[in-house]
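Just dropping this structure here.
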Amino acid sequence: MSEITPELVAEHGLTPQEYEKVLDILGRAPNLVELGIFSVMWSEHCSYKSSKKWLKTLPTEGPQVIQGPGENAGVIALGEGLAAIFKIESHNHPSFIEPYQGAATGVGGILRDVFTMGARPVMNLNALRFGSPDHPKTRHLVSGVVAGIGGYGNCVGIPTVGGEVNFHPAYNGNILVNAMTVGLAPADRIFYSAAAGPGNPVVYVGSKTGRDGIHGATMASAEFDANSEEKRPTVQVGDPFTEKLLIEACLELMETDAIVAIQDMGAAGLTSSSFEMASKGGVGVELDLDRVPMREEGMTPYELMLSESQERMLMVLKPGREDRARRIFEKWDLDFAIIGRLTESGRMVLRWHGETVGDLPIDPLALASPEYDRPWEPTPAAEAVAVTSQGDPLEALRTLIGSPDLASRRWIWEQYDHLIGGDTIRRPGADAAVVRLADGKRALAATTDCTPRYCYADPVEGGRQAVAESWRNLTAVGARPLAVTNNLNFGNPERPRVMGQLVGCVQGMGEACRAFDYPVVSGNVSLYNETEGQAILPTPVIGGVGLIDDIAHLPAAGLEQAGLALVLIGETEGHLGQSLYLRDIEGREEGSPPPVNLEAEKRNGDFLREQIKQGALAACHDLSDGGLIVALAEMALAGGCGATLRVPDIARDKMTQWLFGEDQARYLVATQDAETLLASARAAGVPAAHIGESGGDALTLEAIGRISLEDLRATHEGWLPDYMSAGVA
Amino acid sequence: MKARVHVTLKNGVLDPQGKAIQHALGALGFSGVDDVRQGKYIELDLAESDPDKARAAVEEMCRKLLANTVIENYSVEVED
Amino acid sequence: MRTAVIRFPGTNREKDAVVALERACGRKPEIIWHKESGLPAVDLILLPGGFAFGDYLRAGAMAAQSPIMQAVRQAAERGVPVIGICNGFQVLTEAGLLPGALMRNAGLRFVCRDVHLRVESDRSPFTEGYRLGQVVRVPVAHHDGNYFADEATLDRLEGEGRVAFRYVAGPGEPESRANPNGSRRDIAGILSENRRILGMMPHPEDATDPLQGGTDGCGLFDSMARALA
Amino acid sequence: MKARVHVTLKNGVLDPQGKAIQHALGALGFSGVDDVRQGKYIELDLAESDPDKARAAVEEMCRKLLANTVIENYSVEVED
């Protein structure tokens, strides 16, 4: 057994203080296996040591919540005996190293978090951030990430129905790949991870364990030879076929009454899954590591405990159910091995050919992980910006609609099977994805949202805005927003400015979630997203899920017929700070983001949902990046019908602000009956204005000019495919 | 001049395809197949006629495009 | 009408097919596991979409060797109609029940979108409900749908009227977007010599409900229900 | 004993992957690449120790599974 030197401790990412705590807990020095276990259990990824204090401030409860944060995924009730199970997770670093496999295994990981709780996954979404399109790596990363997400999801057979993509130089050295899965399960048959019942068998199923993704000490330790790099791929390769079998086998087993507890082996593999299950259930575990199915010869206990091989699950079965379970996994040609038992000891005892190679107390390790109150600094308030230029608005629109952040994502989602299952009733490209439930009447809606440039300028406002935008996107398809999952992507939390961004964003998110009764039920934190001192923009991605009670009322995403009145819902001040207009037309990334008025959001959204329910709206779209004129152009392109817009007199002198301002809490709707809609709005205290009509094959700004849909479509659809084919990916 | 490139997965990297082939061969009744690894085989026709230069060029192609050196090895042969 | 849907490990579009079959035939199909060696007496066998065995090695290659394919072959020889959609088409070519092969899409990327098909033969139990020359819109979703056969085979398929569907440009769509995968002669689906086996890459089963964005796929399922009832 | 199988596309079968590689190499500035063909390379570890028997078995594997002879050729080498 190698000696534990300070270097070895440091290589395992433990600070000297943390190592002192290890010595305290054990009352002796750990051996290498044990050190490896502490190292991964106390890693930022597994312990949330920098973020825990702040995550606790988020609202997590509500009558709809069956399970909030703390399990593999969050669970909410949909009524009629059905539950939705969902979570989002990042795979940022692996995707930068190897975009195809990194993104693919990210999808695999989040799928497991959801089906491990008993759900059949029904929708995948992904939130992606890439560097500047000019950066030499960007094309390759876009190509690989998109192919990887599609490659995995398509093969497993879960429709990928939504997501978002931004480009910004702050992600040049550190892209973000966040994947979200939503699944469905009977509300009375949810599976949890708390182990129970000393004596019960601990069962390993899925793929064999290889030397994938083992971090920590390498060369310094005598156990590793010079070839260890070659032996230890840092990149895991996904096997979606095995994942598909694993889903089917697990769901088949879940139909029987055999499982006490189940948990996927995600980050830190066997270590975190076994410790978490034991700790949650207050039991001990004995594992015979030599029984773990192994892919390669000569694997060590250290490697087995730390491997991050994909497509594996750990379960505790009821006594006597082993054979039945084994038959199911054999039917699906998957490995099945009883690798241990639960005990009453509260300890994790690891054996290797009969010899004890590790013996650790479970709770101190799992629960007493470090928790830091890291120093933080608020982001200084930004100055208000003045916009004086009044350039040609239609030219600006043409530029924006074909710009990297607003151009059509068709090139991406056509690589995703977004139709499989036959229940996709709103295809990608609109506000929220909509997938019909088996009852044929209701549907789930989901979306991912974040505007990182807002978060950077004002973390609190940005945090609020991300939640508000997701809530709006669900509202725009007539869904009742039910709950969110979130992925907090930030730089190095040891830098007070970055920590301040996290604190601010979480504060803003919490306020908005509270205001909307839109609790956080799951999430993920990804820190240290920086290279060479350049941190990413703070990117707290919100994954929102809502329920449509009757799909008969689903409004169209676009203008599909002439003669409809266009009504703008919500108040327009013309806020251009941090707008895409300011950035992409005037080249200024400046100012404060548009303020989010949570009351106005709620009032306008509730009003809009009611109108949809009454069948008053033919089409509906929320306003966000690029403001009113961009939203209108998107609706015209989506439905294939043009429109005429009247700039109100009061807006004439501030036309740029009126057209491109990114004020929140707004929707653009099309209706047959503007008068009734306006009257209802007045009654509800909701600002609303009749601003134009649908019709024609162009977008016309009355008394200003027109731009043909064909022209708009060419720029909008052209940018991404042209960009991707202009160089080697 | 012809060049031949073999691109194979590094040791220790999971090879789902190889694993599936091995399994399928077993199901077809071929016994005694202990391991299967699948790689790529790429043939190039080059205008270059100097073998050393051709090899150098193809090795650069491997690094830049043909192999994903994070998970794959490559080997190059040129015809003499 | 009794129908069977074959399920391989990695099959993933069986639900879509089951829903469409049930809608047209009024009866749930039986799902048959690939390890079975026999089939119940049925009037139609459907091989659905998916990634059987991960599509590793070649799409459909391993599935074509499954025990159940022996039974499918025998049923086909007795004249039981067999339809392979997407992965099912790939399996049928790999099993030698249909000529040619399905290669990687010419664009190398997976493609999921609506395409337009012209009905090239109305002489089969699968297509008789369509008008010859009718253009229908249904989605594709595949990575290996690039139909290849040598020239002689292609000539023969055309000569014998065995091309069932061809990709064509839809209204207002550029020619260049018509064929999503590079298939020879824009072939999207073909029939066997006796016209009782159909293989096609597009997914008519995902175009059977207005909420899916179209119902042009109903023609195919209704044809089968009528022809085989 | 080790066997190596090369599966290549027949002449006359268009090779989209090869074409894409050729195009990408051009875009990367490699000139003089006249043609690229991509095939598969499969390595098998066999329990069999008789080279003739091993070769015969692997050839049968190729016919039955590893190659699709409608579009592909195969060649087998066994280690001696």
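Order of writing sets the labels: A, B, C and D. Residues in every chain begin at 1.
Please note the rule applied: a residue touches a chain if its C-beta (ideal position, glycine included) is under 8 Å from a C-beta of that chain, and two chains touch if they have at least 3 such contacts.
Only a predicted model underlies this, so the values are computations on that prediction, with no experimental measurement involved.
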| item | value |
| --- | --- |
| Which of C-D and A-D has more C-beta pairs touching across its chains | C-D |
| Chain centre separation in whole Å, for subunit D relative to subunit C (CA means) | 29 |
| Whole-Å gap between the CA centroids of subunit B and subunit D | 9 |
| Chain centre separation in whole Å, for subunit D relative to subunit A (CA means) | 41 |
| Whole-Å gap separating subunit A and subunit C, where each centre is the average of the chain's CA atoms | 35 |
| Sequence positions of subunit C contacting 2 or more other chains | 53-54, 56-57, 61-62, 65 |
| Multi-chain contact residues (two or more partners), subunit B | 16, 20-21, 24, 28, 38, 65 |
| Residues of subunit A engaged with two or more neighbouring chains | 239, 241-242, 333, 728 |
| Graph class of chain-chain contacts, one of line, ring, star, complete, other | complete |
| Touching residues on subunit A, where the partner in the complex is subunit D | 727-729 |
| For the subunit B and subunit C complex, residues of the former touching the latter | 16-17, 20-21, 24, 27-28, 38 |
| Residues of subunit B touching subunit D in the complex | 6-8, 18, 21, 24-25, 28, 30-48, 57, 60-61, 64-66 |
| Subunit C to subunit B touching residues, read off their complex | 53-54, 56-57, 61-62, 65 |
| Residues of subunit C defined as touching subunit A within the complex | 9-10, 12-13, 15-16, 19-20, 49-51, 53-56, 109-113, 139, 141, 143, 203, 205-206, 208-209, 211-213 |
